[in-house]
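Alright, structures below, take your time with them.
Look for subunit A in each of the two complexes below; its partner is subunit B in the first and subunit C in the second.
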Partner chain A sequence: MSANLKRSNQPIFWLLFGAGGMLSALLGPMLVFITGIAIPLGLIFSPETMSYSHMHAFAHHWIGAGFIWVIVSLFLWHAGHRIFHSLHDVGIHAGTLARIICYGIPLLATVLAARSLIPSLI
Partner chain B sequence: MSEIEKIIPIEVLRYRPEQDTEPVLQTFQVPFTDDMSVLQGLQYIKDYLDGSLSFRWSCRMAICGSCGMMVNGIPSLSCKTFLRDYYPVGLRIEALAHFPIERDLVIVMDDFIEKLESIKPYIIPKKPRTLIEGEYLQTPTERDAYEQFSSCINCMLCYAACPQYGLNSKFIGPGIMALLHRYNIDSRDGGKAQRMEMVNAEDGVFDCTAVGYCSKVCPKHVDPGNAVNLNKMESAKDYFLRFVMPKGTGK
Partner chain C sequence: MRAVAPNRRRPYVRSMVGWWRKNPYFVEYMIHEGSAFFVAAYALILMVGLLRLTQGEAAWNGWLTALRSPLSIAGHLILLVAMLYHAWTWFTIMPITLPPIFVAGKRLSATAITAGGLAATLLTSVLLLLLVWRLGT
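Now for the complex of A and B:
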């Protein structure tokens, strides 16, 4: 064992992963049901619930915008971290490239989502 | 004894560096009774069939942690695993996975021992006490906090079970984390800040992907997977709180 005591930066990614995991476990199935099954089939909600004007108004309120931003970014941070570590599990020894791809996509999506949501609030 | 003598085939992974270029399997036909452990089967082989067979053992009662080996691919204490459960098909015994083989079923455990030393597996008092001040007192509740983790017998079955340790042996690993945690949460201990360096390191706790097989194979019902997970949170706290707490979060 080489005494490599360099502090790992994983806590940042692990916390984002944990937060995303919690959210996706609690809200993921419900969102799939509402957006993918219930609304298109007109179950419980009318098909109009997610019409363009409704969703536009939703994204223009700071709570709605915040919800969309958190869901998009944290779900992706969760997925990126899991994929990164799963690569290692299946024997692909993930290096810098895998790190850039797995954490870069969530970072990019977080920034892009914020950029497109913030103007709608101003 | 009216029982008819039963014979079970035991396949053993041999590696004799002076004659084998790589490990080879050798099968022995071993007579056994229902109360015989796998370890006793190996002892029979050594006493009556092939005296050159090498394996570690000591207490025969799952307390010394010496006789860990792979039994049909599962990390097991051979003293706690019974031949009757493999009759009549037989079983295969191999050296513990993920460790270099020294000879036959004897593995090189230097890596584990070095890691064990590195986490300072002893109580480091918060401040030194003189003899006249008496012993360090602890309530039953304070003791219960770490008791489970103190049951580790250093048998290394969890290392043989851990896929992450198998892929990268620099990873600190499950058993050592359980022991580290045992001392960190001991009310008499003040060494947490020193030990957190191991937890926070790049080869520390975050290499774990929460597979959980470590906790499943533990013969002493320790939950090393839980120790690793608890320390991910400890490490995350340490990572961010060090900016607001100048002396670090270790008490």
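Now for the complex of A and C:
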């Protein structure tokens, strides 16, 4: 084995891409419908469904907190990786700046969401 | 191209601009890759909601009010279409991205993988709807 065969970090990003892509394929459409259409228009659900007390309690519970964290961060890791790999197709050089933007935003959101969901802070 | 020495014969260099528009296969490819922008936009909307939630009741209610604006509703309808298209393409591409799966000695067909994925989306969507409906009452 040659010493310069460095272990690639690519599988990590492809894993995050795949996990986010799968999660958004399974839950994305219904989530958009619930939070962005049904609740604002007062359809189907009780008006209290996304009230402050309900959502506060939801984000306080570890299952709720975990759900929000996983959705926000994995959706962004998926999107960032996909956009990064499509840049070349539209004639944009996929260099360091592109890397910082495409992976920096997901990283920032992951940390920020985790920090927001720590029970003592919310 | 600039690195090449000036050539007075002006050789023909085919432009790569809009290459994908010349073939319907690549047009579809660009659209499904573009769905990532909508997935990101939705995640950022939720991220803002989470930050508003940590800032207290008034901030949270402000976010809910913003979601009720006609612009937001229209935007979310577009997001819904994009998300559905993402789900559709995610599972139609899956037979190519997955390693071959063998069930009882026979390779699982592309149709079975796609249909299975779409059925899973249908199932999780119904479960999520019922769960949120139940939690809300």
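Operating definition for what follows: the second predicted complex is superposed on the first by the 110 of 122 C-alpha atoms of A that agree within 3 Å, B and C clash if a C-alpha of one lies under 4 Å from a C-alpha of the other, contacts with A are read in each partner's own complex, and residues count from 1 in each chain.
Definition applied: a residue touches a chain if its C-beta (ideal position, glycine included) is under 8 Å from a C-beta of that chain, and two chains touch if they have at least 3 such contacts.
This one's a predicted model, so the numbers in the text were calculated from it and none came from an experiment.
Shared-chain residue A:I100: touches no atom of subunit B or subunit C. Shared-chain residue A:I12: touches subunit B; no touch with subunit C. Using the contact criterion defined above for the overlaid structures, shared-chain residue A:G91 touches subunit B and also reaches subunit C.
In the superposed model, A:I44 makes contact with subunit C only, not with subunit B.
When the two structures are aligned on the shared chain, A:H54 is found in touch with subunit C, with no touch to subunit B. Look at A:A79: by the touch rule set out above, it reaches subunit C but stays clear of subunit B.
Once the two complexes are laid over each other on the shared chain, residue contacts for A:A114 go to neither subunit B nor subunit C. Legend: residue contacts after superposition of the two complexes on their common chain; A:L26 is shown touching subunit C, with no touch to subunit B. With both complexes superposed, C is the one of subunit B and subunit C in contact with more subunit A residues.
Under the contact criterion defined above, the residues of subunit A that touch both subunit B in one complex and subunit C in the other are 86, 89, 91. Residues 1-8, 10-12, 14-15, 85-86, 88-89, 91, 93 of subunit A touch subunit B in their complex. Here subunit A touches subunit C in the complex through residues 20-22, 24-37, 39-41, 44-46, 48-50, 52, 54-56, 58-59, 68, 71-73, 75-76, 78-80, 82-83, 86, 89-91, 105, 109, 112-113, 116-117, 121-122, going by the rule given at the top. The touching residues of subunit C, counted against subunit A in their complex, run 16-17, 20, 30, 33-34, 36-37, 39-40, 42-47, 49-51, 53-54, 57, 60-61, 64, 67-68, 72-73, 75-77, 79-80, 83-84, 86-87, 90-91, 117, 120-121, 124-125, 128-129, 132-133, 135-137. Subunit B meets subunit A in the complex at residues 111, 114-115, 118, 163-164, 167-170, 197-198, 200-204, 206, 209, 232, 235-236, 238-240.
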